[in-house]
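Two complexes, one shared chain (subunit A), two partners (subunit B, subunit C).
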Partner chain A sequence: MRHLRLPRQPMLRHLVLALGGALVLFAVTSAVGPYDDYQIGQIGIDAVAIAGLTLLTGTNGQISLGQGAFIMVGAYGAGMLLVHTKLPIALALLLGVVISAAAGALIGLPASRLRGPYLAGMTLALAVGLPAIPVEFAGVFGGEQGLNVNPPVPPAGIDPQRWLTWIVLVAVLVMLVLLGNLVRSRFGRAFRAVRDDEVAAAISGIAVAHTRVTAFAVSAAAAGLAGGLLGLSTGGVVPDAFSVGLSISLLAGMVLGGTGRVLGAWWGAVILVYVPQWSASVSDGLGLRQGQSSNLALLFYGLVLIVVILVAPDGIQGRLVHLWSLVTRRSTPRPGGGAVDPDRAPASHSEDHETREALA
Partner chain B sequence: MQRFVDLTLNGVTNGMIYAVVALALVLIWRSTGVLNFAQGAMAMFTTYIAGAIVEHRGSYWLAIAVALGSGAVIGAVIERTIVRRVENGPVLNPVIVTLGLLVVLEALAGIIWGGGLRSFPAYFSQLGVVVGHDRLAFSHFDLYVMVAIVTVLVALVVLFRFTSLGLRMRASAFAPDVARLLGVRVGRMLTLGWALAGVVGALAGALVAPELLLSPNYMDAVFIYGFTAAVVGGLQSPLGAVVGGLVVGLVLAYVGGYLGSTLEALGALAILMVVLMARPQGIFTRVAQRQV
Partner chain C sequence: MRQPRPDRAMPRWHRGPVVAVCAMAMVVGACSSSSGSSGSSTGAPANNAVGVTSSAIELGTTTPLTGPAAPGYDEIAPAADAYFKYVNAHGGVFDRKIDYTILDDQYNPASTATLTRQLVLQDGIFADVGPLGTPTVEQVSSFLNSEGVPTVYVESGCNCWNNPNLPDTFGWQPPYTDEGKILGQYITQHLSGDKVGYLYQDDEFGQDGVKGLDQEVSASNVVSQQTYTATPQALAAGLGSQISALKQAGAKVVVLYTIPAATALAMLAAATIGYAPQWVISSVGADPPTLTGLLSSFSKGAAGAALLNGAITAAYLPPLTDATDPWVVGFKKILAQYDPGAPWDGNSEYGVILGYTFVQALQAAGKNLTRSALVQAIEHHGASFDNPGLVPFTFSPTNHYGYQGGEVTQLEDGGQTINALTPRLVTTLNGPITETTWPLSTPPADFGS
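Then we have the complex of A and B:
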């Protein structure tokens, strides 16, 4: 099956994957109705937010509970521009990404000196504290009601929802290709070097603090794009949407999909979009009170965080890669059993795994 | 001036509660190197249990006793069943797992008791004491909070300084391998540490509940302020946790009073950023060389 191999050159490889993905998504979105189109758009948005997170945690070994806060920054950044200026959508989204990345760099400054739990606590404070800003400064940000973002006008003959989903998916795929390339570039190698051994990285001439701040900013940039797209696709930006629960659900999506795996972000995103629906129907089935379905979803995310770390720390994508390697026998099992050692960090996949990680 | 005095008094009372949460975090961090993100949620859960007892039987003191007891049980069970399996792995795993516990406990509380606000009795009057012509922002209940917390602090000092059990616990945290060789049941000591932290956290949850009202996430902010206090104090030092709690309590009282109460969490973020940039090891610990 040599002729089926993807190109080895990363840029080419990611472009091929993205084009393939775009074709599949184009076919699917054209075939289904507006509601499913909307859902597919949401999956794309979650996927890009999780991809940013997985780059930070999996590739650089930093954990953030503040991804929801950066989504909020991007949503308000792009949303304000769309409401108050006549900028084209692409430019507003881009500026939202830039604003969010700047916020990420600012928060990342102290992060550059911190280890795991400190950073987690600090970003948790960010996630809890930030939604107060639009409420406190209601004159600027619209308070509890938030902003109303007008949807883009589609060309004649195209369903508005489908058009919106296409805009979302194109932006998501562009960002994922950029992230994929970054992971394979000098920067990505620096991210991994800092994750694996800071001292060795510093000795090799990598600016450790600078690298950590960069990773944080890149992760926030991906969240910023997700935020801008979220405002566009839901038609509004409200502070309630960016609770701690959002950050934690994204973390659950990342862990479930497979930490450090950009393709895994899609698994996580699919789950995040469909779990609220499943839990609603389970809640109805059990005859639970109104409002209990959100608790069921929360329960699921919490159990995912615990069980996946205990049982399969490399997540769905990690297990799939492992299965695939068993099927094709392309890797020789290591001493210590199998290609994936459960005792190792989700954040420390060995280099040869990463070369086989397909990055969409 | 009156306002400043009131805010200061509020700051000290709240600061004591943050100090207790910080202390629970420090207890676990020192012995296992795990930062327990579920500490606040554990306290929330035990306070709901206490609230249910008050509703059915009416005795405040029984409810508090059951809350503290269930805090110990929850802490010990979590350590034995879950944390023990991740504490020696990669540093991010305990963070993710305890976060998962936080979410599970909040979801369970929501499912069992509903998501709405519930009141929790204060037992003592929450009206401020009148001194001269002014009513101070310090009530009998606040006095009770102070007394309860100081009692716990003294009890912990006595336990760790003057008892054989405390010595064994310190030894397990300081040098687990040596302690094990000398016959200390290190595993048991760790479980005990988590149980103790569960008790201390449960106390904080019950003391802060009358003011904040019970809801599944009412401890989120308190946990973050307690975490901030622990970081200010350096995460290692119980004394640092107490001083950090008071510092955080006062700063946030002024932020809330003069800038807007919704900005308190951002105030905590600001404290965290300043402390972590200027002195990441905290104010109360000596600089330790990280092993390479």
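Then we have the complex of A and C:
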């Protein structure tokens, strides 16, 4: 264990971690059936959307209830390219990300003047309003029926669902490496400086409004990738899929996973994908009438969210980091030192905040 | 401050994430192993008999059981299941018992996408029977067809289910446009000279209905067209402004392409301002028991079924209240026994008859049940299925709609009496409207017991 050391240089470290993650995910996706592959792909998609949100909210301090809207922009951007052109998938996804980032910058401009509840209100309006556009301009966007995106054809011998999941996971890991690097870069430091104190940041020569717009664009780029992948993996893009509920659940996933922690996005995504399914199967097992058991499933889901928040107010990743630090401390007792070091108390982890936020 | 030990170039907690990734992988692995055996390997034609054994047929579907679309619609799939249970109690179909998995998608296409994959990839269903909604099923139709899963009797009147690109998909209820034509022709023939106004849901449902109306009602007679969106917020605001606009335009006939909640809001808004037009309501929003409940709950008991008197609508299924119809008597009995507590209304009638139509298809597909046998059975024998409805099925290799027609009816006695105003009519999306001579079918003597 002592020899397991990650490179200090952020790019290298993130690449090593992503590669390790990719190997684990490759092993897992190869071992399970097609439905589990699909679910793992969904986790990856949610994770990248949450990672974008956590960068905006956790690192830059801007609350957004509109992440679902940027997912929609990316889904329609990439989806329309895939339907109407013969672009390779990677290029279509990339352009979807660019379109979504541009939309993010556009929305970021007015948003950079808003704070707190006003910003939340504006992004909420975006999440509510945007899905009406494809319905209104049905000729261009296919209306409520949306777009049918044909799935990629896998090489012979590979299950199509597994192939799709691999495409999703590769794209997600690439994006997470980029996000992780950004957080550790000059931009990331500027994001945090603006979050912590705008005046101080401005005095230090950081262009506050510019930084806030950049954070919005980066966050939207991640959401755009999630959207493009969502269209690809579900085979369709319909406006109703991007309801306000999507944005809210991503926000919940972010908080549950650990706000400001890119790795926490994975935990949040696991919860968003598996807990509703688990609660449905638990309530189904009670032998109630259909309507009752499906309402009970929502109750279970809510209870799980409440319990997680109570047990882990700084998110699952925050708790894990804390537990890990306790474990490692115990294994290397120090002369005269207790198990708890005031500097490392859970409430005051701002010291390592910067580095922990990075893609682990 | 502690200093890092010299042999640790990097603070310890940097290794935390590595462990977390591994732990996460294990959780995913655990989740996946607990979720049961994986179903089909995808897309291969060899999967023609997935979900069929010598003793069972696995079916599944997605439908809203919770959420804003659930009231009313949550009765449909359980009513179909009640019919399947009735069939199982009588020996099943070719000795196979039907197992029907109903999953709650809350009318959210994102959930439909996931749950449909659960049914197909994990549970290994033979067919998706009665998935509800246009945007929801659109989201999964190409997936289902690429997997070769028959999507039988989509619960939506979209014109999109008869699509050569979706060879395994079938509709069931009449397309909204067909119904609009039939209602429009009645208005032109019997309410001519009256100014007509429309109030419709501003989506595919309403727009398709208006397409049909526009084919039959002269544009010069239409004095006002009002719309609403089917969001909880819009409905909470009521339909007062739309109804006022219709009244001011002088509409004597108001056509409603509305869901039941919006029908009730429109009627209450009109009653409030003393406006009593001739209502003409799409069958989607005209179920008397549902409307009676909504009218009384929205008005806190001040109004009720009396507002329904005289309203004109269209029907393709037998009248709920017809105690002389042996189909209605039998289906009511089946529902009471196998889904006790479920109300007898338009939704449960729809579900139980849809279930009946699916069993017809299973019987026509024969003893060696495969997916392609099922699809061919509907295409080649669907038009001659035993059919409790008022009009024939139009299934054929080139037509994947079910019902295409109905009769115009009028509600009296607060919906307790449903009178036919026209003969039974059939039509197509762009063709003429004609009377049908198709004889109503009768069930076996002991049907339902």
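The rule we apply is simple: the second predicted complex is superposed on the first by the 301 of 360 C-alpha atoms of A that agree within 3 Å, B and C clash if a C-alpha of one lies under 4 Å from a C-alpha of the other, contacts with A are read in each partner's own complex, and residues count from 1 in each chain.
Here is the rule we go by: a residue touches a chain if its C-beta (ideal position, glycine included) is under 8 Å from a C-beta of that chain, and two chains touch if they have at least 3 such contacts.
Just so it is clear, the structure is predicted and the values come from calculations on it, not from any experiment.
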item	value
First (subunit B), second (subunit C), both or neither touched by A:Gly61	first
Partner chain(s) touched by A:Arg113 [first = subunit B, second = subunit C, both, neither]	first
Partner chain in contact with A:Val135 - subunit B first, subunit C second, else both or neither	both
Touch count on subunit A, higher of subunit B and subunit C	C
First, second, both or neither for A:Arg289, with subunit B first and subunit C second	both
First, second, both or neither for A:Leu299, with subunit B first and subunit C second	first
First (subunit B), second (subunit C), both or neither touched by A:Val238	second
Which of subunit B and subunit C A:Leu310 touches, first, second, both or neither	first
First, second, both or neither for A:Pro34, with subunit B first and subunit C second	second
Shared contact residues on subunit A - subunit B and subunit C	135, 289, 291, 294-295, 298, 343
Of all residues in subunit A, those that touch subunit B in their complex	57, 61, 63, 65, 107, 109-110, 113-118, 120-122, 124-126, 128-130, 132-133, 135-136, 199, 244, 248, 251-252, 255, 288-289, 291-292, 294-296, 298-299, 301-306, 309-310, 313, 343-348
Interfacial residue positions of subunit C with respect to subunit A in the complex	1-2, 7-25, 27-29, 31-33, 35, 37-43, 65-66, 70, 74, 77-78, 102-104, 107-110, 113-114, 117-118, 120-122, 134-136, 138-143, 146, 158, 160, 203-204, 341
Touching residues (chain side subunit B, partner subunit A) in the complex	34-35, 37, 82, 85-86, 89-97, 99-108, 110-111, 114-115, 216-217, 220-221, 224, 227-228, 231, 260, 262-269, 272-273, 276-277, 280, 292
For the subunit A and subunit C complex, residues of the former touching the latter	1-2, 4-6, 8, 13, 17, 20-21, 24-25, 27-28, 31-36, 38-40, 42-43, 135, 143-146, 148, 150-151, 159-161, 234-236, 238-241, 243, 245-246, 263, 266-267, 270, 274, 277, 280, 289-291, 294-295, 297-298, 317, 320-321, 324-325, 328, 334, 337, 341, 343, 352, 355-356, 360
